[in-house]
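Per-chain numbering from 1; labels A, B, C and D assigned in written order.
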Amino acid sequence: MTVRATYGEAIRLGFEYLMERYSNVFCIGQGLWSPWYVGNSMTDLDHKFGRHRVIDTPVSELACTGAAVGASLCGYRAIVIHPRMDFMVLAADPIINQAAKWSHMLGGQAAPAVTVRAIINRGGEQGAQHSQALHSWFAHIPGLRVVMPATVQDARDLLISAVLCDDPVMYIDDRWLYDLSEDLPDVVERDLRSEKPRVLRSGKDVTLVGSSYSTLLCQQAAVELEKQGIDAEVIDLRVLNPLDTTSVVESVAKTGRLVAVDGGWRTAGLAGEVIARVSESLGRFKSRPIRVTLPDAPAPTSKPLEAIYYPDSQRVIEAVQETLAVAR
Amino acid sequence: MTDVSVTRASDLGGLANPARPLSPIDVGAYDDATLRHFLTLLFRIRFAEEKVGELVERGLAKAPCHLGIGQEAVAVGVSAALNARDRVFGGHRSHSHYLALGGDVYKLLAEVLGKLDGTSRGMGGSMHLYGRELGFYGSVPLVGATIPLAVGAGIAAQMEGQGAVGVCYFGDGATEEGVFHESMNLASAMRLPVLFVCENNLFSSHLDINLRQPSDRIGRYGDAHVVNTRSVDGNDTVAVAKAANELVTHARNGGGPGLLEAVTFRHRGHVGPKEDIDVGVRRRQSDIDAWKRVDPIPRLISALRDANRMTAGEIAQLEQSVRKEIDEAATRAEAAAYPEERALLDLVYIGGASK
Amino acid sequence: MTDVSVTRASDLGGLANPARPLSPIDVGAYDDATLRHFLTLLFRIRFAEEKVGELVERGLAKAPCHLGIGQEAVAVGVSAALNARDRVFGGHRSHSHYLALGGDVYKLLAEVLGKLDGTSRGMGGSMHLYGRELGFYGSVPLVGATIPLAVGAGIAAQMEGQGAVGVCYFGDGATEEGVFHESMNLASAMRLPVLFVCENNLFSSHLDINLRQPSDRIGRYGDAHVVNTRSVDGNDTVAVAKAANELVTHARNGGGPGLLEAVTFRHRGHVGPKEDIDVGVRRRQSDIDAWKRVDPIPRLISALRDANRMTAGEIAQLEQSVRKEIDEAATRAEAAAYPEERALLDLVYIGGASK
Amino acid sequence: MTVRATYGEAIRLGFEYLMERYSNVFCIGQGLWSPWYVGNSMTDLDHKFGRHRVIDTPVSELACTGAAVGASLCGYRAIVIHPRMDFMVLAADPIINQAAKWSHMLGGQAAPAVTVRAIINRGGEQGAQHSQALHSWFAHIPGLRVVMPATVQDARDLLISAVLCDDPVMYIDDRWLYDLSEDLPDVVERDLRSEKPRVLRSGKDVTLVGSSYSTLLCQQAAVELEKQGIDAEVIDLRVLNPLDTTSVVESVAKTGRLVAVDGGWRTAGLAGEVIARVSESLGRFKSRPIRVTLPDAPAPTSKPLEAIYYPDSQRVIEAVQETLAVAR
C-alpha cells in the first residue's frame, strides 16, 4: 500500500516507524517541542510518543550530542537532532572524536549506535552562520557513516536504516527538499551497509553526480538536457561515508564525461572527491570534468548575492554544455 | 527534557514576577540631559524595532529579525556606563545594543534590508551588526559565540592598561552553552575587565527557563566563577545603569569581571513581529499582558513626570521627533542600493579579492 | 594567564592542605570482608601502576601512561557504592577506575603494551580502557569527553527505571571544559541519576588549580547547577565510600545527580613514572612529601590495625599475594601477542571490514 | 648572516622575531609555561617576554580560541596554540564560524587577524584522539588561510607571514619535522597573500605533491627514485587555503603523472583535491593518478598497527613505480 508524502512528512514517517517498533529509540535535540524548528519533519511526535522519548533540550549542543552517544553505548538508539548544521559544529567532539572512534579505539567492543541528524537550513537571508552544508567534513571522518537522502523515499528509509545501523551515522537532510512529494511503498528495513549510490536515470552522454538537493538539480538539468538531445546519466550518492564510487566510475567509463554537483564549498569537498576517485580509476576523460558547487565564500545575506551564491539547474546545464563543447 | 513542572519557584526574589509590587524608578542620581537621553534611546529602539516588524510583515525584510521590544532598558542602562574605548559585542537580538551606543537608525534599517549603506554593508542583515566607531564590535547569531570574544577584548584592555572594558550581551539560553562558563572562568582567573550582561528574559525561543535549567537565577553562575554579580530589574533603566556602572567601575580598576543579570521579558515572539502565544511552552497571553504593564518606557516616563524632569508635552514632542527620524530612515533604507555582486568574493579575505 | 599568586587561600577548608590535623579513618561502618576488599584493591591499583611505571622505564610501554599513584582511594571508595547495572566512564588517568570495579590486571597490562588480550584488544593502550562486563563503559583521554556520555547513561538509566546510575570520573582540569557545565545543567534539569566524580588533585598537568580557576573548590559548581554536592578527603577510602553512597542512593531514588569532589594529589608527574618536580609550576618536593604522608594506603592500614580488623601479618600476606599476582600478570602480558594487522581496517565499523 | 636551526627552533625564532618587533603580538594556549607541551618550539618565551604575553590557560579550548579571536578584533595579533589538533576540534566554532566569517559577514570591516597554531602530534602509540591531522577540514573553509610548513625556513617564515597577515590564518606544524635542520637566512617579511606552492625539485617523469611531513616523504622518495633513473618533480603546497594549484597543473602538464601525498585521511581530503584540480584543468593523465594517504581508519595504538598506518617514502616510491608501469 502506498502513501503520498512530502520529504518533510517522510522524515516524520521514519521517526514514527522507528519509535513505534523500537522502544529503545528516542530523540533529543533543540526545538523538538516547538512547531517551527524542524519544519514539519517531527510535528507532534512529542505528544504521540511522550516528552520522555522526544526530549527538547537546553542550548547545549555539545552535552546533548555527547549524551546521545552515551545513551547509545547503553543499548539505546538515540537520535540527536541539530536544527542547523552550523550549530552542530559545537558538537564536533562527540561526533568525530568519540562516536566515530569508539569502536576502533576500544577493540570493536563499544558501538555507539547513535544517529546524528543534521539539517541544512540555508537561504532566506540567514547568512553565514545559519546556512552551512558541512557534509564534506563528515565524509572525511572514518568510523562515521554519512547519508544524505535526495528523494522522499530515502528521506524515510535512510533514516530507518541509519537508526537501525550499529555504527554512528550522520543523517543530513535539506530543508529545500521538504516540499518534494512522492508515493511511498511500505517500509522495508534495509541494512545500511548495503546501501550504495544509485543510478536514478541512465544516459550515455555525460554523468551527473549529486547528493541531496544537488541530485534534484541534476535531475532537473537532465530533463532540460534531454530536450536539447543530450542524454545524461544521473547518480545520487546517497551514502557519502564510506563512499563507494563504483557506479560512478562505471558510468564515466561509459559516458567519458563528468559533472560533479555539490551544495557545499568547492575546495576539499565532496565534488572534488568524486572527480578524484574517477580520475584514479580511469585516468582520462573525454573532456575535462567539472564541479558545480558553492563558491569558496561564506553565505551572504543580501538578496542579490544569495541569488548568485547557490547553484541552480541552469548552472548544471551550462557545465554539461561545456563538457560537450569538446567534440564527442 | 522530561516534563519538569514549569511552575517551579523562582529564585529571583520577585524579579521574574511582573505582578510583584514595583519600586518606582529612582531618577535622582541623573541630570536632566542624561534622563532625556535615556528616554530618547528607549523611544528610538522601540520605534525602530516596531519599524523592523513592519518591514518583515511587508515582506521587505527577509532575514530573521529578533525583536527585543520590552527589553530596551537593558542596553540603555548598560551603555550609560560605557565610553568610547570600551568594546561591546552582541548576539542575535542586538538592535538595541547597537542603537543604545548611539547607532544610526538608517544604517540599522538598511542592514536589515541587506543594503550597502547598512552597518555591515548589507552583508549581514539583522543578525550581524557592526559599528566600530561606537565601540560596537559586532553581533552574530550563533548563541554564545561572542562571549569569549568579549573576554579577548578584556585581554586587550588589560594589556593596554587604559581602563577599557570588554562587554558582551547574551541571553539566559546562552548560559547553557559551555563557552559561557569557560569564558567566565577565564576572565575570573585572569581578573580581566569584562562585563557579562545576561538579558534574562526567562525564555530561549519557545522554552521557559524552568524547562532548561534547575533555577531561573543566572547570577548563581557568577557566584560559582567568583565574579562580581548583580541581579536587577531589567525593565528599570536606572537600576540597570547603576548596577552596570558599579560593575564596570570595579572592572576598570582591576577588580575583575562582573556579571549583570537583568531580568526582563520580550513582548514579541522569538523571531519576527508576532507575539508567539500559541507556540511557546507556557507563553500565555496573560504573561505577556502582565509584562506589558511593567514596560520600561511608561515606567521611565512616569518617573520623569513624577520627579518633574520632563513635562508631558516635552515627552510627546520627543516621541514625535523620534518617530519622524525613524520613518525617514525607513524610507531612505527602502530606496537604498544593494551591495554589488563582487562583494561575494571580494570580502572573503581582508583587502580584496580572494587570492 | 597572568601570574596570579599561587598562594591564594584555599576554599577547601583544609582538604587541600596535607599538613592539616587529620581525622582518623573511621572503619566502623564496614565489615571485615569489605575492608579487606578495599585494601586489596588499593594494593592492586598501587602495585599495578608501579608496574606500569616500570614498563615505561624499560621502554616496553610506549603509549602515554598517566599514573594515579596516591589517588587510589577515590576509585575504591566510589566503586563500593556501585553495582553491576551502573555504567562508569573514565578519562586519561583511569587504571584505578577500571581495577576498582574488579578489572583484571593482566588485561590492563596487556592493553598498556598494546596486546590483543588487553581490555581493548590492544587498540587503545593505557588511555583507552574498556570492561563492559564490569560496568566499565570506557575511558578516553580527551579531557571532559566522557562527562556527557555518563549523562547519556543517566538518560538510559532513567528510561529503564531500574535504579541504575551513570558515573564519570574526571579531574579538576576537566571542569574548565564547557562540556562539564553543559552536562551538569542537563543532568540537573532532567534530574538524571548521574554521579559526577571530580578527582581534584589540584593540578592539571603542570598547572596548579590556583593558576587556572578563581577558587580551588570544585564543589561550587555543584551549587551553581543545583546538584547535590559533597567535598571529601580523597585520601580516605571510607569517607569517599560514604559520600559516594549517599549521592548514589539519592540519585537511584530519583533525587537527581550528585557531584562528589574528592580532594587528593598524585605522587607522580602528569604522565609517566617521574615525579615532575622540576617541570611543575609550584610542584615542590616538599608538597609531594607532605602528600605522601597522607597516602591513602598506610592510612587505611593504620585504621585497620587500630580497630583490630586485620593483623600486621595478614596485611603483609595480602600485600605479598597482590604483588605476586601483578608480577605474573606482567610476565604474561609481555609475552602476549599483538593484534593482527587486519584489525586496522576491520574495526573501523562494527561487524567487520569497512564497506 | 645565516643561522643553523632545527624546525622546532625555527618556529621559536619566528615567535621571537614577532614578539620582539610587534608589541601587539601575544601567545595564548595550553602548556605555554611547560617545557614539554610544544616540544622545543616555544622554550622560555614566557620568561623572555613575560607571562602576560605568553599566557598559559585553563583547559578551555573554546573560550581561549574565542578570546584570541576577540583580542585580534581589538588590534592585537593573538596567536592561539593548540598542542594537539584533536583538542582543537572543541574550538571549531571560533575558528570556522567566527574568525573565518567575520570579514565577509560584517562587510569587510572586521578583521580578526588571529593566528591559530595547530600542532600535529601523532605516533608513539597515542591513539585515535591524540594523532589527528585535520588540515583538510580547514582547507575546506573559505575565509580562513591555512599554511603547513615543510621546511625549516618555512617553519619560521610562514609563522611570521601568518601573524602579520590581516586575515585569520591557521598555521599547522608537525612534531615529526622538529629535528630537520637547515641554515636560515635573515628574516624577510613576506605578504602571505603572495605565498604559493613551491617546486622544490624539478623533474620530468612524475609530479609528487605534498605538504608538511608529506613533502619530506616526497623529497626522500625523489632521491631514491633518482637512483633508479626516475626523475621526479616535487611540489610543496605550503599554503592549503586559498589553494593555488597552478604550478601543480603546469607540472603535470609536463610529466603527465601525479602522485598526491597527504598525511590526512583519504576520502574528501587534500590529496583528492589536488587530483581533482589537475583533472579539471587537464582532463587526462599519462597514467592514473595515485593518492598516498592514511587509510580511512582512526589511528591505532599498538606498535605493529602504527607501523603500517603511517605512509613512508617507500609507499611513495611504490606509487611512482605504479604510475610508471604504464608505458611512458
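Heads up, the rule we're going with is that contacts are C-beta pairs under 8 Å (C-beta built on N, C-alpha and C of every residue); 3 or more make two chains touch, one makes a residue touch a chain.
Predicted model, so just to flag it, every value in this text is computed and none were measured.
Asks: Is the number of contacting C-beta pairs greater for B-D or for C-D?
Replies: So, comparing the two chain pairs, more contacts are at B-D.
Asks: By CA centroid distance, what chain is farthest from chain A?
Replies: Looking at centroid distances, C is the chain farthest away.
Asks: Taking the mean of the CA coordinates per chain, how far is chain B from chain D in Å?
Replies: Taking the average C-alpha coordinate of chain B and of chain D, the gap between them is 41 Å.
Asks: With centres defined as the mean C-alpha position, give me the chain B-chain C separation in Å.
Replies: One centre to the other, that is 44 Å.
Asks: Using CA atom averages as chain centres, what separation in Å is found between chain C and chain D?
Replies: Centre-to-centre distance between chain C and chain D: 37 Å.
Asks: Once you find the CA centre of chain A and the CA centre of chain D, what distance in Å lies between them?
Replies: Here chain A and chain D have centroids separated by 30 Å.
Asks: Hunt down the residues of chain A that sit against at least two other chains at once, touch-wise.
Replies: Each of 52, 55, 57-58, 60, 62-63, 86, 90, 93, 97, 104-105, 127-129, 142-143, 242, 295-298, 300 in chain A touches at least two other chains.
Asks: Name the residues of chain B that each touch 2 or more other chains.
Replies: Only 1-2, 122-124, 128, 140, 142, 145, 158, 176-179, 182, 185-186, 189-190, 211-213, 339, 343, 347-348, 354 qualify.
Asks: Would you pull the chain C residues touching chain A in the complex into a rising list?
Replies: 87, 89, 118-124, 128, 130, 132, 137-138, 140, 142, 145-159, 166, 178-179, 182-183, 185-186, 189-190, 339, 343, 346-351, 354-355
Asks: What residues on chain C touch chain B, complex-wise?
Replies: For chain C paired with chain B, touching residues are 1-2, 4, 158, 176-182, 185-186, 188-191, 211-215, 220-221, 223-227.
Asks: Per the contact definition, I'd like the list of chain A residues that touch chain C in the complex.
Replies: 26, 28, 52, 55, 57-58, 60, 62-76, 78, 93-94, 97-98, 102-111, 113, 142-143, 145, 166-167, 193, 242, 244
Asks: Within their complex, state which residues of chain A touch chain B.
Replies: 31, 33-37, 51-52, 55-63, 86-87, 90, 124-130, 295-298, 300-305, 308-309
Asks: Enumerate the contact residues on chain D facing chain A in the complex.
Replies: Counting only chain D, the residues touching chain A are 86, 89-90, 92-93, 96-97, 100-101, 104-105, 127-129, 136-137, 139-143, 241-243, 264-265, 267-273, 275-285, 287-291, 295-298, 300.
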